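Heads up, the next two complexes both have chain A, just with different partners, chain B and then chain C.
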Partner chain A sequence: MFLQFIANGIVIGSIYAIVSLGFALIYNTTKIFHLAYAVLYMFCPYMILTFFHGLGLNLFISFTVAIIITVFLSVIMEFLVYRPLAKKESSLNIMLISSIGIMIVVTNIISLFYGSETKILNSEISKTFTIGNIILTYAQISQVSISMILIVVFLLFLKFSRFGIMTRAMRDDDVLCQVLGMDIYKMRYVLFALSGLFSAIIGGLVAYDVGMDPYVGMPILVNAVVALIIGGIGRFEAPIIGGFIIGILQALSVWAFSARWQDAVTFLLLIIFLLFRPTGILAERKRLV
Partner chain B sequence: MDYIFHIIILINIYIILTTSTNLLVGMTNLLSLGQAAFYGLGAYFSVLALMVLHLTIIPALLFSAICTSLMSLLIAYPSLRLKGDYFVLATLGFQLIIYTILYNWISVTKGPFGISGIPSPSLFGLLYISGIYSFLVLSSVLAAMVIYIFYKLIHSPFGRALKGVRDDELSLLSIGRNVTSLKIWAFTLSSGFIAIGGCLYASYVAYIDPTSFNLDEAIFILAAVLIGGTGNIKGPIIGAVFVVVLPELLRLVGLPDSIGANLRQIIYGLTIILLMRFRPQGIAGEYALK
Partner chain C sequence: MSESILNIDSITKSFVKNIVNVHGNNEDERYFIIDDLDLLVPKGKITALIGGNGAGKTTLFNIISGFVESDSGTVLYNDKSNSINISKMKPEQIARIGIGRMFQDNHIFQNLSVLENMLIADSNTFGEIPINSFFRTKKNKEVEENKIEKAKEIFENIFGNNNSFWERKNDKAKNLSYGQKRLLGLTRLLMGNYQLLLLDEPSAGVNASIIPQIMEIIKSFVDDKDLTVFLIEHNMKVVLDIADFCCFMSHGKIAALGTPDDVISNDEVRKIYMGA
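Our next item is the complex of A and B:
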């Protein structure tokens, strides 16, 4: 049983890792506390639902179209809300509140059109796959493998491509980037698109496994943010490590206590980290408090 | 007529919530996403006072306010060491922990089933406060009292010191004020007063369950303050009236409840986005969020 819980933890951890990475991509570079990111996670499945069940396209095409629309939504958020605020040099708290505003608006638009009850994409009983005494569904295996691929490709890009270098430069000092002639607003569009892509892919895959409702994004995002804090803000490897730690820890707390207390365990961990090591596991030491 | 009284009672409850949240957000520049937790704690403590300890209303109010303040002290001390986003996150974490505890500690809080049949409180054991008229009087008196106290507080040296924390923490430190203790005072006072709102809610509705005190409620309270305006007395009052009256107006227009609920949330969301962009101090506030 223990191994099964570890395996479940890795599956959940891969979701947290990807969502956390997408969140970190924006938080580390622009310092926007992008709570509306939760919305993208649940927006993509609803788009898949529209194209797959509504228009009867095949699954792969509807997945692709839905991901493109979600990426577009992410860029629109930047265009309509964050960019004007950034040009006005508004404070970060204002960005945070605006982000809550976007989240409320989009969640309720979805709930208005699709209803707030749980919807499923895949009505068949999922096929399972057994290794030793660990049982996983094919959807879970594809979640883990696709997130691994995304993580590896992203980290390689970050290390070696021009885009990666620019991202790391923006993380270190975005004003200096501007002084050196980099168009940071163009760069921000790219970052928002990329983080939207991460969220859309994993959101779609998870919804294909377990279904979705309009409020499914927020708990995932909250866990992902905790993962980011635990991993450490700044380094892009940190949210990935944090995500897997949270995932496995939650699965183990289900094993040791019961599923009811897994959130409490996560937030207790958050408080402990905020108190004793606010820089997280990986980050270099600098004053945050 | 009862319907209008019901709305006025709700407005009174929300005035208490927003006015006390304003002490944190508008006066001290501490953005808290954990206000619903204290609202909930206040409600649950007052149920403890009314149903288990059989207190009358005034001791029950005091009991829940004091217990909630003590709880908030536990939370204030660790979270106030953090700044900006980290503080928001810590309060978010506490909000979720307290919600999880209220939801899952079934032997004490009855969890998701909620506590029903909360008895109507009595005043000095003589007068039973039941029925809408007596609650109208009670809530109006309490709301007026809270507004008066906060009016006095804002214009007291303590209030000015808090505004100092908000505007320039460093210069306040340099003239020798203890910024951390000021923040802790603001935090505990705010949660103590918010507990009065919780107590009022619990005894008025006579039924509480954890879902009334979740993260959405915390965001809602914060949104009400920010829409109304931060930093002065009239802002939060306008915010409370706005968030309570808007859904009723939508209902009067004839929208069915299923659409109306979503539509009013969309209106709140858009209002917040537009206000943050064009008028960050809210409708009637004096302080633009930093």
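Our next item is the complex of A and C:
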């Protein structure tokens, strides 16, 4: 039984890790607290629903088209809201409030068209896979394996590609980036596209397993932000470590107490970290000046 | 004066400050930091800009490099062949046409390695569409190897073989000392394809023993690379040693202009710098 819970923890941890990574990609580089990111997570499944059930397209094509549209929505948010605000030198608080605005608008549009009740993408009973005592559905296995691939590829990309270096440079100092001839607004479009991609892929996979309603994004994002904080803000590896820690601890709390304790564990962890190690797990000691 | 690389023509910049007036009401007061300033920066020379704290020197640099828009006036940049109005251009465009800048406070990519700090400053990266930098194609790899070679050469030329920068190339830049960061900030400029360098107090806050090294580097920009240097500097010894021309900024204008010796003997300059 214990191993089964650990396995469940890894599944949920991989979701948090990917969502948190997409959030960190925006937060670390632009400092925008991109709450509207939560709607991308639920927007993609609704697009899959439209193409798969509504138009009767094949599942793979529906997934692909839905992901592309979600990525597009993410870029649109930057184009219509954040970029104009940034050009006017609006404060980050204004960006945050605008972000909440986008979130409310998109959520309401979705519930207007699709209703607020839970929808399912896959009505068959999912096939399971058994290793020893551990039982996982095929959807869960694909979540974990696709997340792992995304994480490894992304970290390599960040370390070795020139775009990766530019992304890390932008995290450190965007004024200097401009002095070196970098068009940071072009960079931001690509970053928004990438973060939308992460959210869309994992949102689609999870919804295929358990279904969705217009409000599924926010609780996941809250956990993802906590993952980012306990991992260490500013580092791109941090959300991954934080995500898996939260996932596994939540699963263990279900095992030891009950499912009601899941969220309490997250926030307990957050408080412990804020009190005793506010810089997160990965923070290095740094020079004071 | 010889041919100029920068024509600064009646630049004015004011900021608005909210004050309480004599009737106790809030009122916006406009104060001029730069007031109808004209200046020609000669090509291939070192020109120093001096002035008291808050005189507006950094603001002038911000206007030239596109971070601050002036209220009125124009800045012309004379390239090898043509003259370009850069008053309305964005910082990254200005960087790409050949104006490099070093900041007063240490701007450096703290979490990038020393070598990465050099590589990213290479002019080949300029103006690149982000997507082109995604993949490690064969061509990208070659470009990168060339850049690493270039960085190594620059370090060796300036600091000699077996220099500490090359030895520490994989260290994060944040672990360097303040003076080392400044040196890295200066050397980085050689990675770019610049014609004009704006240096904001390169010798500020560094140990006196490093200052001669910094002066050497700046002189080599002009003597070996044929660049033009426009330099803000509070250290009069540095100005007297390396600058060909000196201008003194006061009350938003250039109040005195000439060789460093001439300008230093100006009364107002003496008042600010020698307290006499």
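Worth a mention:
One rule holds in what follows: the second predicted complex is superposed on the first by the 284 of 289 C-alpha atoms of A that agree within 3 Å, B and C clash if a C-alpha of one lies under 4 Å from a C-alpha of the other, contacts with A are read in each partner's own complex, and residues count from 1 in each chain.
Following the convention adopted for this analysis, a contact is a pair of C-beta atoms (placed from the backbone, for glycine too) under 8 Å apart; a residue touches a chain by one contact, two chains touch by 3 or more.
The structure displayed is predicted, hence computed values, not measured ones.
When the two complexes are overlaid on chain A, chain B and chain C sit side by side with no clash. In the overlay built on the shared chain, the residue A:264 is in contact with chain B alone; chain C does not reach it.
When chain B and chain C are set side by side, the one touching more residues of chain A is B. By the document's definition of touching, of the two partners only chain C reaches A:163; chain B does not. When the two structures are aligned on the shared chain, A:84 is found in touch with chain B, with no touch to chain C. Once the two complexes are overlaid on the shared chain, A:180 sits against chain C while remaining clear of chain B.
By the touch criterion stated above, A:54 is placed in contact with neither chain B nor chain C.
Contacts of A:103 after superposition on the shared chain: chain B is touched, whereas chain C is not.
Put simply, if you stand at the Cα centre of chain A and look at the Cα centres of chain B and chain C, the angle between them is 90 degrees to the nearest 10.
By the touch criterion stated above, A:275 is placed in contact with chain B alone, chain C being left untouched.
By the document's definition of touching, of the two partners only chain C reaches A:171; chain B does not.
When both complexes are overlaid on chain A, the residue A:94 reaches chain B alone and has no touch with chain C. When the two structures are aligned on their common chain, the gap between the nearest CA atoms of chain B and chain C comes to 13 Å.
Shared contact residues on chain A (touching chain B in one structure, chain C in the other): 289. Those residues of chain B whose C-beta lies close enough to touch chain A in the complex are 31, 78-79, 81-86, 88-90, 92-94, 96-97, 100-101, 103-104, 215, 219, 222-223, 226, 259, 262-263, 265-266, 268-273, 276-277, 280, 289-290.
Contact residues on chain A toward chain B in their complex (touch as defined above): 33, 81, 84-85, 88, 90-94, 96-98, 100-105, 107-109, 111-112, 218, 222, 225-226, 229, 260-261, 263-264, 267-268, 270-271, 274-275, 278, 288-289. Contact residues of chain C toward chain A in the complex are 65, 67, 90-92, 95-96, 100-101, 103, 107-112, 116, 119-121, 123, 125-131, 133-136, 140, 144, 174-175, 178, 192.
Residues 157, 160-163, 165-166, 168-169, 171-173, 175-176, 178-184, 186-187, 189-190, 234, 286-287, 289 of chain A are the ones that touch chain C when the two sit in their complex.
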